[in-house]
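Chain nomenclature is as follows: A, B, C and D, assigned in order of appearance, with residue numbering initiated at 1 for each chain independently.
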Amino acid sequence: MNQRIDRHSAGVFIIAATPFSSDGALDLDSTDRMVDFYLDCGVTGMTILGIMGEAPKLSGEESAQFARHVLDRVAGRVPVVVGVSGAGLDNMARLSHSVMDAGAAGVMVAPMPGLGTEVKLQGYFAQVCKALGPDVPVCVQDYPQTTGVQFSVETILQLTRDHDQIVMLKHEDWPGLNKLSRVRSESGTSDTPRLSILTGNAALFLPQELARGADGAMTGFAYPEMLVQVVDRHKSGDVDGAEDLFDAYLPMVRYEQQLGIGLAIRKEILHRRGVLAAPKVRAPGPSMTKADHEELTRLMNRLDRKLAALG
Amino acid sequence: MNQRIDRHSAGVFIIAATPFSSDGALDLDSTDRMVDFYLDCGVTGMTILGIMGEAPKLSGEESAQFARHVLDRVAGRVPVVVGVSGAGLDNMARLSHSVMDAGAAGVMVAPMPGLGTEVKLQGYFAQVCKALGPDVPVCVQDYPQTTGVQFSVETILQLTRDHDQIVMLKHEDWPGLNKLSRVRSESGTSDTPRLSILTGNAALFLPQELARGADGAMTGFAYPEMLVQVVDRHKSGDVDGAEDLFDAYLPMVRYEQQLGIGLAIRKEILHRRGVLAAPKVRAPGPSMTKADHEELTRLMNRLDRKLAALG
Amino acid sequence: MNQRIDRHSAGVFIIAATPFSSDGALDLDSTDRMVDFYLDCGVTGMTILGIMGEAPKLSGEESAQFARHVLDRVAGRVPVVVGVSGAGLDNMARLSHSVMDAGAAGVMVAPMPGLGTEVKLQGYFAQVCKALGPDVPVCVQDYPQTTGVQFSVETILQLTRDHDQIVMLKHEDWPGLNKLSRVRSESGTSDTPRLSILTGNAALFLPQELARGADGAMTGFAYPEMLVQVVDRHKSGDVDGAEDLFDAYLPMVRYEQQLGIGLAIRKEILHRRGVLAAPKVRAPGPSMTKADHEELTRLMNRLDRKLAALG
Amino acid sequence: MNQRIDRHSAGVFIIAATPFSSDGALDLDSTDRMVDFYLDCGVTGMTILGIMGEAPKLSGEESAQFARHVLDRVAGRVPVVVGVSGAGLDNMARLSHSVMDAGAAGVMVAPMPGLGTEVKLQGYFAQVCKALGPDVPVCVQDYPQTTGVQFSVETILQLTRDHDQIVMLKHEDWPGLNKLSRVRSESGTSDTPRLSILTGNAALFLPQELARGADGAMTGFAYPEMLVQVVDRHKSGDVDGAEDLFDAYLPMVRYEQQLGIGLAIRKEILHRRGVLAAPKVRAPGPSMTKADHEELTRLMNRLDRKLAALG
């Protein structure tokens, strides 16, 4: 019996990389190591096949295989959300049912590009919910930088009123702090069910987002232990301690957050930390130059010194 | 006492070119000739300084000068709408009041780029209406191809309910026939005031738009007499005759409708027809090649033959 | 031994719909009928799984099944190009090799979104050609309205100089008549190999494009016989006759060319003409209103009358 | 005799705010105070009427008035660059000549939207240089997030080879560290004249950019003294000290860098620091909520503590 995400899901749902070996094949050994690493870091959930990951570069078979492999390795210890965004609702429903049967906790759906009015957006999610059926919990991904689609607060609240299964918001509008404040204060009221809010955008504003009522983070930083500790400290009331720790990592957060190249950096760090056998990104994709490697080394060293100074 | 646009404005509001002499200066003699030409064609209104015109290439002084000159020449015979879209509301209000004082019938406002939710759109037009004051009638321009901003039918209806001064819609969403049908049938009801709907998009669908309830056209075709006759015939019940005439011009409508180069073609035709002294487009802007000129000649000749055959 | 597209491919490559039955399943009976219909119309080639078709809504298995089915039915009588554009080069190569083995004549590749400089574009096509291997002929699709990626003439010419396998351009930049003229005159020279140029954009400018040197059309009009006859008449020197016929169909060309809804219209016409059992478009997708149906009926009747009048 | 920017310009060119009083009028007293403040911070230059400032909300008269006022107050002590980007080349030339006559050091030009190929980009800057005449030094602004126009390294190098007056690059492509490295290493060679490179993007990567060869920064941080000290320390060889100082400010750099709201935050900080009489942003524009104000207070306090700890 697998866990499901719900309106109170909280903590750190790490966005998992998709490990490849140097020749580009799915690397399932590294996948096992990565899952264990994330769990050892204390994450409370995992998200795979995300929109900015390499899901579109996997074949249908590879996606299903990777999802099943991760779900088997996790074995119900934490909930696993699976990204299923795509052009056709039939494919989306098929993948969703397959991963839910295999133990997923819910699916994440970003709107397809071109939904330029809120009326269209609401129509789209009505179609999605109908295609998935009511038993599949949905995390709505609000990520206009990539999708080009903007959600108003009003639309987000309407979606959660209209659809019992829409239980979570992956918040990565940018800038979006006031949006987060409003969704927090205007959901969980008498007429609008609470939404779990997990924040993305590489955690660049995590302390601010927690102060404004986020339930945690859903993002892909290569030092998941920072995300976990910041969320834990904040929750326990040590708001300044949380932010002090965050600020020590901020130069690296900023560095990983670079669109495109950020994925290569993240995989390189996971490789250097012994998690991934190879930092391989599938073509077409970014790669790091010699200058990037030296810069990263320097930033990793500076991070070590800062953490040592923090004690 | 100048005419104002209102919720029943109808007919053909021709989008006027801004004539320049070969050296790029405003050409006020050609402006006079153009105004007379449009009036001779039987237009029921005129729109100047439109979004796809060359308004952004005029200095503030030139815009004011051109608007005053046209308004003087028209001398109240038909209503003149002035495009005032721009980045700042102070400038928009200043220009609007200046042209209304000089006899304009209303202003046309397109949303600024980046208004990606309907909530933002409605907030923007509330700001616009406040800045303009209640005495300035507004034509809302729905032109997503250029602005990147999409209006839902619901937003259009809400705007006209919320603001007495929003009386007209320049409809050029594309494709947009069903949108037009809905705005027509859902405005003019007990709770939603009627909107005048004039269609743009170079009139590519004018017969269909009239059949769906448009009040006329607001566009910039170089043969305004066609627009006038099609609207008149349609209104008098000769629906097939209207469409037969339209179809004869359709190859040219399609040709002028080309984004960018279409402006050069339109000015060239007005030049060949003796209206503009020069077909000059200000830099940076499109220009016609030798092949374009020959193609246009051929299309003009074919049009003449078709009109002769129609009788 | 299957035909391959080459630098002299010409005529009409019809963009094929993907037929679905009312419940959304692939409809292979209608597929057979559609292939026969296209061949009866005299097309010289066929293109399947195109970028604006419903290819992204097919699963990997369905794409492969549909392609094999069409290729079997065509049985080498005309060359078949297969659209293989997508996010990952591994998937693209896999699909390409599979359809080439099954008898395809070449593949069509549109650049992925975000290739905002010509240097990136050239790098992308170098990666594509390497991934496909030299034995797969490539048609480059220049379609900025959908991809957001613009090709200069210089880049197109460089691509064909750099890659022997890039033999065809699907020209649908818009407006693009001068671009077409330049590619025609600047390829097929001593240092730049000739490119076959087939035009898209629903054939809205077909007579002009043929006059400027296009080798034919690659588009999806529901009356393929018009495309075939216009190209044939033009080639035989009857330039005015070609354009007269085209102009009779132009109201319908314009009507089908509407983005989004155009696909539903095209399928509805093919349904009315007895080709498709159902006009089904997969979700999410456009559908026709009652007003659309009546409008289409009217336009089809007007077309019949015009063709009768042409004799 | 005013200073001109040249290929070796370096240091910190602060992007100046445009001060308004609470009623929205230009606030020239605050302008004086702001100019003095910037000079006291040790900036080596100033940039006014920038693309992300409020220049589009000024009337032509206000722009000219503000530019003259700043130039008078600066009185030649540091070079002042004036943003002149806009839709028409006539207006651009007029404003450029006016400010150069008043003592500006050069102008900054961003490409207009829609220049989707490098060929078009090069054509545009050729037109710009011709319109300005050879005596106006130009800083090219590479800012794709706002303009939608991408420059390749090759295009940047070509521009500086083709136009003697293009002497400076405002680098704010994102992410863009490798681009910066390449422009640095591939200009200043035997065939490509050196380009001064100043970086933007709110200085989020300033230490990395200096390490990769940037000559300094051209951005709008509300603590210009940090930018000045970081550049100075880096230049003097204290690379780690520069980065330590930068990292102390990084939470604030990140906070100000938020698109849209960042302008309100920047003006609020300048207001709190006693520079601007009012934090007014012209409509339509962002404003800060109560939560934003509290958050900012907290971040400013944390910054004070960090600076105290640094000693």
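Just so we're on the same page, a residue touches a chain if its C-beta (ideal position, glycine included) is under 8 Å from a C-beta of that chain, and two chains touch if they have at least 3 such contacts.
In UniProt terms, the chains line up like this: A, B, C, D = Dihydrodipicolinate synthase family protein.
In this text the structure is predicted, and so the values were computed from the model without any measurement.
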Furthest chain, CA centroid comparison against chain D: C
Where chain B and chain D are represented by their mean Cα positions, the distance between them in whole Å: 38
Chain centre separation (chain B, chain C; CA means) in Å: 34
Chain A: positions in contact with at least two other chains: none
Chain contact graph, described as a line, ring, star, complete graph or other shape: complete
Chain A-facing residues of chain B, complex: 116-120, 144, 149-155
Of chain B, residues touching chain D in the complex: 24, 54, 56-61, 86-91, 94, 112, 124, 127, 131, 282-284
Interfacial residue positions of chain B with respect to chain C in the complex: 174-175, 177-178, 181, 204-205, 208, 211-212, 243, 247, 250-251, 254-255, 258-262, 289, 291-292, 295, 302
